[in-house]
Each structure stands twice: as C-alpha cells, then as structure tokens.
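You will see two complexes here that share subunit A, one where it goes with subunit B and one where it goes with subunit C.
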Partner chain A sequence: MSAHANLERRRQAIYGWLLLTPALVLLSVFAFYPTMSTLWSSLFSRGTRRNPVEYIGTGNYTELFADPTFWIVVKNNLLYAGVTIPVSMAIALAMALWANGKISARGFVRTAYFTPTVLPMIAAANLWLFFYTPGLGVLDQIGSVFGLPSINWLGQPETALWAIIIVTIWKEAGFFMIFYLAALQTIPEDLKEAADIEGTSRWTYTRRIVLPLLMPTTIFIAINALINSVKLIDHLFILTKGGPSDASKLLLYYIWEMAFAFFDAPQAAAMTILVIGVLAIVAAAKFLYLDKRTHYQ
Partner chain B sequence: MTTGPFVAIKDVAKRWNGQLGVEGITLDIPEGSFTALLGPSGCGKSTTLRLLAGLELPDEGKIFIDGKDVTTSAASDRNLSMVFQSYALFPHLSVAENVVFGLKVRRVPKLERQKKLHRALEITGLLGYEDRKPGELSGGQRQRVALARAIVAGQRLCLMDEPLSNLDAKLRNSVRKDIKKLQRDLGITVVYVTHDQTEAMSMADTVVLMKDGHIQQVGPPEELYNKPNNTFVAEFVGAPAMALISSDGLSGFEAGQRLGIRAENIQIVPKGEGRLTCTITESEFLGSETLIGLDHAHATGLCVLKSGMALMPEGDTIDITFTDEHLHVFDASGQRIATQT
Partner chain C sequence: MKRFGNFMDSFGAILLAVIWISPLLFAFWAATHSTSDAVNLRLFSPWTMDNFIVAWNGAPWLKYFINTFSLVTVILIGQFILVTLAGFAFAQLTFPGKDFVFILVLMQLFILPEVLIVENYVMVSRLGLFDTILGVGMPYMASAFGIFLMRQAFKGVPIELHEAARIEGCGLLGILWRVYVPLAKPTYLAYALVSVSTHWNNFLWPLIVTNSPETRPLTVGLSIFGAPENGVDISVISAATLMSVAPLLIAFLIFQRQFVQAFLRAGIK
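Now for the complex of A and B:
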C-alpha cells in the first residue's frame, strides 16, 4: 500500500517537473543565465591588448559612480519616468472612462486612441521628427502663424528631453487605455445603479468604487510603464541620439553606447546590474506590499 | 399622510428603438403592502421596477411616490432602496462599509451611522460579519448584506429585483420567509419582481401578472388563482396550471369559447360515465399526491391529482368528470366571461 502511494507521489512529482520545464528552460537561458553572466562580467576589467582582463571587484561600479555622464543619465531617466508614468496613466484612465461611457462614435474614439500603439516605434518617431523639425515642422508652422520664433525642440538641451517625454506619453497613453477599458468593462453595471440609488455623485462613484476596483490594473500598468521607462531606446536613435550634450540620454541608450560605441562591456554590464537591482526592488515591493492592499477579484 | 396611494403609476410606457418595453402600465400600491410583479422573462416586470426606481425614464405616463410626481426625478431623489438580482455589492468593501455606503454618501454623522449599521445587521442576522468582504460570504449571506443595505437608510419603499433567483431552492424558502417578516416588522412597502409564482403567491398581498409589456391581472393571490382574467393568467398561475378545454369538446357551450378547469376539481370516474375520455401521458409522484397528465384532442394541460402513490400506466384511457360550477369560461379572445352562478 505504502509503496503504491510512494509511486503515485513520484508520478505526481514528475508531472510537476514536466509542466515546469518549458518555463524553467526559457527563463534560465534567456533571463537567469544572462543576468548571472552580466553580474560576473561586471566584476572584471575591460581587456585591452596591453592590459589583460582581470578581476577588479567593484571597480567598475566605483568608476561608474565617478562618471558625471552616468549621473546626468540617471537624473534624465528619473525625470523621464517621473513624468511619463503618472501623466500617461492619468491620461489613459481619463480616456478610458470617457471611451467607456455612452458616447457616439465610441468605436472610432477607441481606435483613434489605440493608433499610436500599433504604429511601429520607428515610424512613430519619424512622425514626431516631422512635428519637431525647426522651420519645416508642424509645430513651427503653427507657431509661425502666431508670429512665434522658430524653436529647435530636439536640438536644445532645455527642450530635448521634454520632447521625448511628450512622444512617450502620446504612445503609451493609448496602450494603457486599452487595459483600463478592459478592466472597466468587468465592473458590473448594477454597481453603478446601486450607487445611483444611494445618490452617489459621479465623482464619488469613480473615487470610491471604480478606482479601487481598477487598482490591480493600475499596478499592472505602473509596473509596465516603469519597465518601459528604462527600456526606451528606439525613439532616441531617431530623434536625438541622446543629445544635445547628453540632455536626452537615458539609461538603456547609455548602456548601449557604453557597450557598442565605447566598447566598454564591463561598464555596461555594471550599469545593467544596477538597473536590474532597482527593478527587482520595485517588483519585491509590489509583491510584498501592494498586493496585500489591493482587491483582486 | 396623503390620501392617495403611496405609489401610483399612471399609463406608463417605455419603448426601446420602437420595440416594446412596457405599455399602458397603471398601478396603485398602498403603503405598507407587498406587491409582486410576476411574469415570464421579457414580460416587462423588471422594466417596470426600473422605471419606478428611476434607473430608466418612461416615454409616456407619470409616476408618483408619496404624492410627489417623480416621473423625471433622479433615482436618489425618490427615497427608495433597491435589492438587485446580483446583489450589486461592492466587492472591495467590507460588509459594514457596503451597508453604510449610502449613509456615508448622504453625510449621515458617524455615530448615527454606527447605530443604524448595528440595527440593520442585527435584523438581518449579520452581526460578527462586519469585516468580511462579499467574496468571503455564502450566497445567502451576500443576499442578507444586500437586504441590510436596503433597509439601513430606513426608506419606506424598497424595490427588489428577483432577489432570490441566485439562491438554491432550500435557502430560497427560508429567505422568502425572512423577507416577508422583515417587510411586516418594518412596515415598509415592497415591490418585488419575480418569475417564480410560488414566491409571488406566498409573499405578496397583491400580485401583478404581466405579459409582453402589459398588465394581465392585478389582485390578491387567491383572486388570480380563483378568478383568472384571461387564459394567460389561467395557464400561468398555479401548479399544475389550469387546463383549457375548447368548447368543441363539451356540449352546452358556445363555439369558440374555452373552458378552464383546475386539476383538483377533476375526478376520475368509471368508463362511460365521464364527460371526457382521455389518454394518460405521464404519471408523476409528488409525495402526498400523484399528478397524472392527460391528453385529449380538444384540451391542453389536462391533468388530475390522485392522493398518495397512484401511478397509472401510460397510454391507458380513462374517463374524467367535473361540474360546471368549477369551469372558468373564456371567450374566443381569451377573456373571462362572468359565469352566471
């Protein structure tokens, strides 16, 4: 009898491992192993013909912290994330609430909002390049009607990062709206009716009922937005190449530059590890703190 | 107190894109009564309730509550509460927060809110469940939270939209009694929508039977059972429903008329002595009695009740009889003709 039970338990364990294997293999090959090897290579010096590769511990990190460009990039990225995440989420929510209402041409409105998301990144960036170009660009043309001077939006340090921020918000808000819209449609109509009978104002209903019920979606979107904010690179290639004078350089672009323009792979690896560390802390906070305070249906 | 009825619906109609919702609904509901809107699905009973609640606005007609014209008033200005079929509890709020939600919105002071909450939970037997979320409650408990939310504000009119349809049969019976007791104890006016005639007949003082957006009959349960206005009411009310026999099958009635007869008024008699000869189609043992379904060329829904276990073989023919005084006479259009007795 017990032998029988043992066999059965082993069979179950094998099933479990079999089901786990595909995910385990994929994650190991494409996530765990690269992370570990990045961490490993960040501990070694950059090999040149005269100086062979050697173990230098945290040397790459100290060098990175001493690099003023790194701090400019960090500051840029913090500003970029700090503006794009809340603004695009707020716009997404507002658009979703509106597109979920009883408005005419609802299908058209939803499609219009979603268009930026389906456009290829490069095409979208070129579109905005056309908007921003001094003299010929749409913005300047509109400005000139009102007699405003020509502004090189992408070409001056004060406006370059903001120009990138606006492109990102434009692109992300529509994407996030789709998630909000889907979540809104799972909220039963009769909750609104029950609230109506109690005399709840539209604002109170949104604040007390809709927003808490959207909380899981909001967290999901926030995490995605955060990941996107350290992932942005393609717009920079088209629009500014990180310039002028690093004013619009973001982390991933700098990592790329470090690795493939300056050929300093260990420095790039060190920076990558720092980014992964920050994201890991955010993920832990999400699982340990936010999930407990959120109502999941 | 106003002299008129507490709730008055006058000639109300509601249509959707030309399709019929409800038409010509006129109804007076006295204060403190229990009124059931009964009918098959799609008959307009829920629409009527939603019109009364202010969740829909009528295309025609007027609605008065407590003497005040509320035809175009917002739902919140009608001083009523509502229990939804799905309960419509806020899933992220605890039981207590759900119940006092409306009080909070209306800015009732905290102390009073606490008192009312306690009383509402006491009445519905939910004390001790204050901090649970709706997801952690059983169907019956959720239903009681919805009831508590409906009574906590002390509104005199409470609307209920099929509140029992998501409960299992056993629970339904006990909650039915609870609701009836609640209504009587609090003296509130309840308008109750259901498709289940047992609910309507057992709870309501007045039953409003609807079909295709029109009211078929309004009256106390026994009146609907004993004096159905038309053949639809006859065939809807009662289990088993009234059988209808066309006048071709019986002598002494005008052509085109139809005669209704209830199963309990039919007797089985020896061969040759009955008024109709029928074929047995089914025997159904119900416990205290056995329902025997019969088939006759000129009749629909014929059946007879025999006490105890008395299955009869299918396909056999038997004779049945009944007296004229138990017959309900309907004219060709299905309307009841007052009998001479």
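Now for the complex of A and C:
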C-alpha cells in the first residue's frame, strides 16, 4: 500500500511540474528574468561610443535623484493617485447606490456608467480632445455662453494634469461601480427592513450598515485603483505628451520616454526598479495584512 | 417627502449618466457633421457620412482591424492553454514546491507587464519577435490572473467526478479535458471577455513592439492617425475613433449582461 502511495505521489509531482512548465517558462522569460535584468542593468552606465558600459553601482539612482524632472514626475504621479483613487471610488459608490436603487431608467443609467470601461484609453483621449481643445472644444463653447474667456486646458501647466485626471476618473469609475454593485446585492434585505422599522434615516443606514459591509470591496477597489494610477497613462500620448514643461508627466510615461525617446535605458531601469519597489510594498501589504479574511486556500 | 427623495435620486442618477455618456455622444455628433458645423455646435446642421469616408481612406484600417483581431485571438488561445494546465496543477495536484511557485505566480499580479517594457522589448527583440503579432502577445500569455481564476474554478469541481472518471480508466489529462474544462465553461467565457477587451484596448506595449502597418493594432493606428502633427480635423478623428471602438462597443451593448457578469467574476479574487 505504501509503495502504491509513493508511486502516486511521484506521479503527481511529475505531472504537476510538467503542467506548470509552459506557464513558468513564459513567466520567467517575461516577468522574473526581466525584473532581475532591470535591476542588473540599473547598476551600469549607459554605453556611448567614447565611454564603454561600466559598473557604477548606485550611480544611476543618484543621477535620477538629482534630476529635477524626476521629482516633478513623482509629485505629479502622487497628485494623480491622490485625486483619481478617492474621487473615482466615491463616484463609483454613488453610481452603485443609484444603479442598485429603485430609480427610473435604471438600464440606461447602468449602461451609461459602464460604457467608458470598454473603450480604449486612446479612444477616450480622442473623445476628450474634443472637449478640451481651446476655441473649438465643447468646454470653451459652454464657457463662452457664460462669457468666460477661452482656456487652453491642455496647454497650460496649471490645468494639464487636472485634465488628464478627469479623463482617468471618467474611465475608471464605471468599472469600480460594478464591484460595489455586486457587493451591494449581497447585503440581505432584512437589514434594510429592520432599519426601516427602527426608523433609521437613510443616511444613517448607509453610513452605519452599508459602508462597513462594503469595506472588503473598498479595499479591493483601492488596490486596483492604486495599480491603475501607475498603469493608466495611454491618454498622455494623445492629450499632452507629458507637457507643457513636464506639468502632466507621469512615471510610466517618463520611463517610456527615457528608454525610447532619450535612449537612456539604465536611467529607465533605475526608475522601473523604484516603481516595482512601490508595487512590491503594496503586494506585501495586501498578502500579509488584507488576506487574513479571504479564501485563497 | 419619500417620493420627492426618489425623484431626486432618479434625477441625480440620470444627470450623472448623461454627463458620463456625453463625450461619446459629442463624438458621434461631431463624426456625423461637417467640421465647421461640429465645432460651432450648429444643432440643426445637415448630417453627413463624409468624415467616415475620409477617415477610412486615411489609414489602412482594415489591416489594423485584422491585426487587432489576430492579436486578441493569439493571446486568448495561448492563455487558455497555459492557464488551464497551470490552474489544474495548482488546484488538484499535490507536489513539493507548489506553494512557493504559487506565490511567485501571485507576485506577477503586481509586477505589471507594463512596467517591464524596457527589458521585455530587449527580450522580444532577442527572440526575433520584434514587430510580430506573436511578440505583442507573448508577454501576456502566462497570465497570473488567469491561472488564479482557473485554479479557483477547478477547485469547485466535485472530487467524486474526478474519481469516477479515473475508475473508468481516464488518464490525468483526459480527466482535465473531459471533466474539468467542460464544467469551467462559464469561467472561460468570463475570462475570454475580460482578456479580449483588455487586449483590444491595450496601447503602450503594442506601440513599442510594432513598427509597421503590417502588425500595428487599432489603438496604435488610431494614435498615429489622430496625432496633432498630422493635422487631421476633429470630425475626422471622431469618426476614426468611433470606427475603431465600434466592434467592441456594439458587442458590449448586445451582450451587456454577460459583459458585466464577466467583469464581476474576473474581479472577485
């Protein structure tokens, strides 16, 4: 019997590793190895015709920290995250509460909220271009009705990043709404009935019962929103290209620019490592702290 | 009072919905009117299809459509194969090192392929896949998210079915193919919808690895077509934008319920 169990165990091990191999090969080639080689290449200087590549330790990082643009980009990305995460989540929650309630035209409302989610960011940027263009854009047209001067939303440093932020919120909120909607539908009806019998106001019911029950969903959405605040940069290519004078440049865009426009791969690698570091901290926080309540196993 | 509250709710919800949909409506309006009518918001100006014709003739859209279509197909097929095998191994087999590898896979959820563009570009070029559809698709095939999703789906399959198939003399791969895969069909559908819409819309990575109209997907083609330095006017850009989102948008409107359900299933991790 034990010989049989042994055989079975060995068979499972062989099959297990065989089945994992294709996925592991691709993950190694396109995730693990690149991560390591990014770290490695961030320690070497950029090779030019006169100066060959050489090991410079943390040289790229010191250079990066001395680069004023880098700090502008970091600040921009913090503002981008700091605004898009809470605002899109709050709008998503309002959308979900409405889309879950007894309102007229619910089907239309849900569709309208969710539609931006299925559009590519590039297309979304093109749609918003029509709003932002000075003189011709819809915003200017509406403004001129009220006698407001024409504003170049994308062309001036004070407004460019905000214009980008609005597009991101518009794109994200409907997506996050779906998760809130799903969570809302799991809240038992009798809680609402009990609250009604007690004469609880709607505000108190929402604040004391609904919001606490939505907490796990909120955390899940917050992590997604945080990742998106690194990832969602496609619209920069259409709307501002990070300008004017870096006012709307975000980290991933800067990495792209560094590597593919300025051809400074080591600097881009150093920046990539910093971003991966931040994402790793988020990941660790999620797995160590938040997953106590979840059901992985 | 209560009825007034309901009215205010409906009003707020519909107002927000109208605001949310308005960029799309304006684009539609701009695309179907001449540029000067569109920018001056002349509400009763005549409709026209000219912008679509100009846009269609301005770039090899048909090629772009075919490229995007092949891209999402290649990615989906690759993902289905890899994710099924790995998901099954994680869900139903016990072997040493499994938990460690699973954590490695989960880590990939956070190390986004988007962040590794520089090194992945080097890798794809080294493999000779630069400017090929396979090169655009490969980094996404071993999707950690998909592996996780299939693992959860396969864990829900009753062990009795597995045992019964084995007693009937079915091998391990046979059991996977005949028992697990059919039972996980809804999960596959959900995953397919999420995957297709993600990669239909993906931009940064295809921008980096494609270099010719032969491989360029729609999003990259659209960004080049609409670039300000090309001086294309707003009505034509709107027409091109609507054209390139139309297949996915129409599919979404028809299969709305399935779409939303798919995204939901995909999100519950």
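Annotations for the structure displayed:
Going forward, the second predicted complex is superposed on the first by the 257 of 297 C-alpha atoms of A that agree within 3 Å, B and C clash if a C-alpha of one lies under 4 Å from a C-alpha of the other, contacts with A are read in each partner's own complex, and residues count from 1 in each chain.
By our rule, a residue touches a chain if its C-beta (ideal position, glycine included) is under 8 Å from a C-beta of that chain, and two chains touch if they have at least 3 such contacts.
Since we're looking at a predicted model, the values are computed, not measured.
Look at A:Val275: by the touch rule set out above, it reaches subunit C but stays clear of subunit B. After overlaying the two complexes on the shared chain, residue contacts for A:Ile209 are found with subunit B alone; subunit C is out of touch. In the superposition on chain A, A:Ser104 contacts subunit C only, with no contact to subunit B.
In the superposition on chain A, A:Ala194 contacts subunit B only, with no contact to subunit C. Of the two partners subunit B and subunit C, more subunit A residues are in touch with C. Of the two partner chains placed around the shared chain by superposition, subunit C is the only one that A:Ile122 touches, whereas subunit B remains out of contact. Look at A:Leu252: by the touch rule set out above, it reaches subunit C but stays clear of subunit B.
Of all residues in subunit B, those touching subunit A in their complex are 53-55, 74-77, 80-82, 84-86, 88, 90-92, 101-102, 105-106, 133, 135, 149, 153. Those residues of subunit C lying in contact with subunit A across their complex are 5-6, 9-10, 12-14, 16-18, 20-21, 23-24, 26-27, 30, 39, 41, 81-83, 85-86, 88-90, 93-98, 101, 104-123, 138-139, 141-142, 144, 147, 172, 197, 200-204, 207-208, 218-219, 222-223, 226-227, 234, 237-238, 240-241, 244-245, 248-249, 252-253, 256, 259-260, 263-264, 267-269.
Within the complex formed with subunit C, the subunit A residues making contact are 9, 12-13, 15-17, 19-20, 22-27, 29-35, 37-38, 41, 91, 94-95, 98-99, 101-105, 108-124, 126-131, 133, 136, 138, 141, 170, 173-175, 178-179, 182, 202, 220, 224, 227, 230-231, 233-234, 237-238, 252, 255-256, 259-260, 265, 268-269, 272, 275-276, 279-280, 282-283, 287, 294. Across the complex, subunit A meets subunit B through its residues 188, 190-191, 193-201, 204, 208-209, 212-213, 215, 295, 297.
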